Amino acid sequence: MSGLPIDPGVVAHHNEPRAAALAEDYDALGARLARRGIDIAAVTAKVAGFTVAVPSWGVGTGGTRFARFPGEGEPRGIAQKLQDCAVIQQLGRATPRVSLHIPWDRAPAAELRDRAGALGLGFDAMNSNTFQDHPDEPAHRLSYRFGSLSHTDPAVRAQAVAHNVECIEIGRALGSRALTVWIGDGSNFPGQSHMGRAFERYLGAMGEIYAALPEDWRLFSEHKMYEPAFYATVVQDWGTSLLAAQALGPKAACLVDLGHHAPNVNIEMIVSRLAHAGKLGGFHFNDSKYGDDDLDAGAIDPFRLFLVFNELVDLDGPGFDPAYMIDQSHNVTDPIESLIRSADEIRRAYAQALLVDRTALAGFQDDNDPLMASEVLKAGFRADVDPILARARLDAGGAIDPIGAYRVSRYRARVAAERPAVRGGGGGIT
Amino acid sequence: MSGLPIDPGVVAHHNEPRAAALAEDYDALGARLARRGIDIAAVTAKVAGFTVAVPSWGVGTGGTRFARFPGEGEPRGIAQKLQDCAVIQQLGRATPRVSLHIPWDRAPAAELRDRAGALGLGFDAMNSNTFQDHPDEPAHRLSYRFGSLSHTDPAVRAQAVAHNVECIEIGRALGSRALTVWIGDGSNFPGQSHMGRAFERYLGAMGEIYAALPEDWRLFSEHKMYEPAFYATVVQDWGTSLLAAQALGPKAACLVDLGHHAPNVNIEMIVSRLAHAGKLGGFHFNDSKYGDDDLDAGAIDPFRLFLVFNELVDLDGPGFDPAYMIDQSHNVTDPIESLIRSADEIRRAYAQALLVDRTALAGFQDDNDPLMASEVLKAGFRADVDPILARARLDAGGAIDPIGAYRVSRYRARVAAERPAVRGGGGGIT
Amino acid sequence: MSGLPIDPGVVAHHNEPRAAALAEDYDALGARLARRGIDIAAVTAKVAGFTVAVPSWGVGTGGTRFARFPGEGEPRGIAQKLQDCAVIQQLGRATPRVSLHIPWDRAPAAELRDRAGALGLGFDAMNSNTFQDHPDEPAHRLSYRFGSLSHTDPAVRAQAVAHNVECIEIGRALGSRALTVWIGDGSNFPGQSHMGRAFERYLGAMGEIYAALPEDWRLFSEHKMYEPAFYATVVQDWGTSLLAAQALGPKAACLVDLGHHAPNVNIEMIVSRLAHAGKLGGFHFNDSKYGDDDLDAGAIDPFRLFLVFNELVDLDGPGFDPAYMIDQSHNVTDPIESLIRSADEIRRAYAQALLVDRTALAGFQDDNDPLMASEVLKAGFRADVDPILARARLDAGGAIDPIGAYRVSRYRARVAAERPAVRGGGGGIT
Amino acid sequence: MSGLPIDPGVVAHHNEPRAAALAEDYDALGARLARRGIDIAAVTAKVAGFTVAVPSWGVGTGGTRFARFPGEGEPRGIAQKLQDCAVIQQLGRATPRVSLHIPWDRAPAAELRDRAGALGLGFDAMNSNTFQDHPDEPAHRLSYRFGSLSHTDPAVRAQAVAHNVECIEIGRALGSRALTVWIGDGSNFPGQSHMGRAFERYLGAMGEIYAALPEDWRLFSEHKMYEPAFYATVVQDWGTSLLAAQALGPKAACLVDLGHHAPNVNIEMIVSRLAHAGKLGGFHFNDSKYGDDDLDAGAIDPFRLFLVFNELVDLDGPGFDPAYMIDQSHNVTDPIESLIRSADEIRRAYAQALLVDRTALAGFQDDNDPLMASEVLKAGFRADVDPILARARLDAGGAIDPIGAYRVSRYRARVAAERPAVRGGGGGIT
């Protein structure tokens, strides 16, 4: 793979002085786990096999409605975005697939496939966009100001359906096998929209999209409590998302974004309930303290991320195959660095969940021994699995310290010199 | 009805000096509504036909886990509770039915029927109790400390099922036609309980209860976000309640308690979604600012209550028949007073919702005119419908000013003299 | 005032067929209030004397980080903004002052004064902006990406201080007498910023601004829980705002934006506490359901707005002089319409609060009669004061139905023809 | 100390087979930390020196307002409570002091001192109780139903003040040096209480208590958002607590209970702000997901606990001396076990915070490198410090695995045989 964006020699050179300490730590952890009856090599192999998609839009600097402060060397266009994604994968080895967003990533399919292939990347779920207007788009005539798939005007709904169908077609050409539909539809004021009829319109439009799905595709409906609608959102919680997925059919399932819930909600329980209903489609990983803050996964509440993975490991088995994707907004960090560490943090939660002694846990649960049950669970979380994560990266050709290697590579400075500066500015408030 | 707890002459005497002002206000409001094309008499008739059940336990003073400060003349036993409920109905004329709680209200059915009949009361939904231990109860051998219908031990589940089946049998003898099941089952610590298996056990136990339902009964599952379980509650939100009602069958539906949701949740949207799913069973009315505060309906956010009734009026039609009940905890007020005004507040929201010009509203919704849509809706809410409420009470034999009449009647002082004081004390914390 | 943006004849013509009904409703309400011992004319006079400032930026269409959907005829530049503000005042007669935002509203002072004067407008508090970069600004060299008044780099702090001092100077020239400082400073990740040192830097910079305040000016510090910072915000709540105002001196006070609090917080209590501390500076009115939604005042929880005004009426007296301003984001409505009704809604809350029988209320409070105390309070809220609001507008030369008159005036269509379309686009996410 | 409640031989016997693995893990961690320049022995010494008080009431089973399910062998009276506290200290070696609650723990001072001394225990802050009625108490004549220190009736306030003064006197005799005042005062309905006057009454009463403080004592005011009051609480947040502490004087400071905040609030920032104001008095540790859940420390969000300790370690220095206490409700676990592990979890957070490289952290903060700053911080949190905690316990004479040793000791079964069963029952709802 001579097409890799960072000189492999730089990575190897960065790894070299760190290898001995890693080996020592890995062995110490291995010995400790062995005492608990856990084979560290088996855990490492599982971790190495766990991957998560990165969003193409995640490599650009994000912002709030107040401002966006552009970073240096921001990518313009999908080609540069793929290059940045390749850096993340080269160093972290956890993110071999990119999730595209149409129309932002519109490009000839063959070109996209070739370029991604050369970088060692594939394509994950497609994402449509009917929460913004794109007047430059071929078929975009009507505004989504008052909604898209649930709009009162059938012509707007038809336009939004057609856009989603086009996303499916683009995805087919790229090898994707899923479409994620998130809409901002909703209302800002009580009375603005009839909540029942809006939902029926949404179901009707989603039914048309569903009808256009290839046989082996999945359709993910993604709920969100609020924003951009501030009074009522059409698909506001997992209950509504479930009703939609039930109405659509077996290829439809629910996507859980960790930041789209009401305060205090137990997200891991939603994971469990959706799995019970056969409708757990996948995840958008990120972390948040207040609303849909879209911070780096595990940055605010790493134990919550672990508890989600505890459910996933518990649910794992034949046919269990949720889609995993990162969905974050990188406002103050280098997006490449944030995505590298977020993927790592997600793997960390997975590794910790793998360490839970499930036989003991089930026993304490059956015996109604809350203290020991919670201690057994936390024993997984408390483990410092850094050596496992580093070893998985190293064995796959990545970096022991991927952020450090990235900085040493001076990739950002290089592309900053090549890419023209992007102007910042305000968000909705200007 | 010579059996009424308050001398009708006292009520009539209290009404007399207030009648003229009421007539004047009623006429002025009628004239104003007529200008909007609304017939005040028709609205008053609908309001008069709207009733809500009171909970037998609501006439006792409630408390928190920190303390309970008993009021004077608290009722002991169902006979005294029915008497207090009859006061509420006599003065307010909005609450002709009582909802019983077993085992608290256990008594011979014929005696209950007779007593209620003499007071002009009927019986609403039955409520089971598996969130407390009742060691004095005939069949109560096993503790619910670690759950009831979802307990890991089949014997505990069987005991809880049998208790619910007994509640159905008691209800049949009393003329009730619904069973409300709320359980406190859940866990306080991550790991304590397997969330998926607990839900399956719950569904299994509920299935046994469902099988015991008479043909014309309904079974309400009631969700609650938290408390008494503080990490994960088995039926934590409407999504899980919906899954349960779907699994059980057509006689099962979901009950919405206004205080059982996450912060900021849009409750009227849940009403709309459950109605869409054909699973809107009924309501427990109360108000809250923080958690399940169980305050008087409309005390904290009267507009929210109105928005719920806006959905109900919109949904109204053949076959639409949710169960309406108050469920509050009266910690610092005279429970009779709180229940009188809460029923009134609920009727207020209903009356205001009836005033909404739904044709105009639908037009503004279709035209995407958020400002006028929300103004049309608020025009209903802003109306001061006090004269309609008072007239509906007066015409039905109640009081123009029911709280005032109650105080003049000196009912509380009378029963305080008859009923021995109840000792207060702490809640869970002592 | 021939310079008014809408032909006064149009307003008069619109009022004419509505005058009789208003007179009838006003008299009926007057009779009802007289029975309670309230003189409706006195209330109307107080309401007519209550005014609130509009923000210059509020007349443009707002947006979210996802998108901004521009409206027709959006104002460009402060001249057009003042014209739109004059429409609001002409029809509603509640908003005679405009609050400017620098650098958005930069213009020669004499020109601004003349233009505003011709439109019958004055200037309220000045607002600085250090939450965005303005590379076109004279003295803006350094980025606020990582903060402004609390930035680690003294040069950035100095730039932000200089900007605020310039805002004071501009305001002096315009007749303003207050500066509102809201900063977005904070951090997205635990560890990113040292919370104690950041606050000390903030206090230092604010001290320099304070030193530049004219004798008769006030300095308002405005707190906000989160957004744009998503982990820790330097001035995150009223406690921190209070510490700042205490440290700065007697001219500093706290500004309360109704949407800047944690979920479930009792805002009226904060009003009471700040008044107790002598540090209640003023308000930014808006409404919200989830976060800082910036919806129209009273749109989501009108009772909460009333409770705030209940405190204000209670606190009113010599020397009590908070600054009142609207701060909203109009994403889906015509901003002029939203501001007209928001000002009206604020006056509604004030009028309702004036109707509360404070002697009776104090009596019930002293007697620990919670039910009657809350009923006395709600009696104020339940009153339909529409006739009072309309009469106050009419008497001052405004419209009985200001939204209706505005639509009839076709002002928006007229300016849409004159003003070039503004391009929409995304917010921070693009 | 032959008076220890558990045979030291049992502990030694339990430690013996675990010592080798601990040594191995300790050495491996030591080697790893040494590579970061950290001396594990120094960290262990600091951890060993960190202690936290246990509440006497914490060794009883708690409950909710719905029910209390008593455990086996619950302690009756302060003598048995001290015995249970001694178990916690004997095994965990982190909790040498007990915090008493009056009137629950009333007993002759000499007897208490002797008993505690024999068990190796001392006394921490005293806690008064004016949130319940105690009709059996000598001076308790008036009810706290409508408040205590802020009651409208001066006689009730005087009774509450006298109770607090008595708590100080009891504490003096026991060697305590602080009084913690938490009151449940507040209101359930808007209008029920005048928020400003209630606060002034509170300040007046607290001033009388303050006047009775010995020279070397501290007075802690503890805020709480809600419960038992559900609309407005007199001391609702840290801002109000700060105003009180400022008004009272230098011996007054604020106590932070981790569960007493609004949803999403950044608690570590409050710690920082109170320290800035010189008013950080101490902590009540526990964890929570929804409200004041009073769960075991670190059970729900261990990273949040770490972030609090990150502030504490950062603030540490001469004169920095907050009071540390656990305040939990153990509803489903053996309270002894919960307190052992909670103390351990608190020490874990402290140990992890000690591992943070503060020089590097400050550098990244100054350089505005959010990613590296947060990674440096998390490096502390990610460390598995189990070996340090175990070693600190072992070296002090405690157990390597204190829960395991406790179970082996069969202490609970022994006291269950000695102590009569306590009847359960409901909370406020019965």
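Read from first to last, the chains carry the letters A, B, C and D; within each, the first residue is number 1.
Methods note: contacts are C-beta pairs under 8 Å (C-beta built on N, C-alpha and C of every residue); 3 or more make two chains touch, one makes a residue touch a chain.
Keep in mind the model is a prediction, meaning the values are calculated, not measured.
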| item | value |
| --- | --- |
| Chain whose mean Cα position lies farthest from chain D | C |
| Of A-D and C-D, whichever chain pair has more C-beta contact pairs | C-D |
| Approximate Å spacing (C-alpha centroids) for the pair chain C, chain D | 43 |
| Averaged-CA centre spacing for the pair chain D and chain A, given as whole angstrom | 39 |
| Chain D: positions in contact with at least two other chains | 145-146, 187-190, 192, 225-226, 231, 263-264, 266, 289-290, 296, 299-300, 303, 332-333, 370-371, 374-375, 378 |
| In the complex, chain C residues that touch chain B | 21, 24-25, 28, 31-32, 35, 263-264, 266, 289-290, 296, 299-304, 332-334, 337-338, 341, 370-372, 374-375, 378, 381-384, 386, 403 |
| Touching residues on chain B, where the partner in the complex is chain A | 145-146, 152, 187-197, 199-200, 225-226, 231-232, 236-240, 242-243, 261-266, 268-270, 272-273, 275-277, 303, 307, 310-311, 314-315, 361-362, 364-366, 368, 370-371, 373-378 |
| In the complex with chain B, residue positions of chain D that touch it | 57, 60, 62-69, 104, 131-133, 143-146, 184, 187-190, 192, 225-228, 230-231, 263, 288-291, 293-296, 299-300, 329, 331-333, 424-430 |
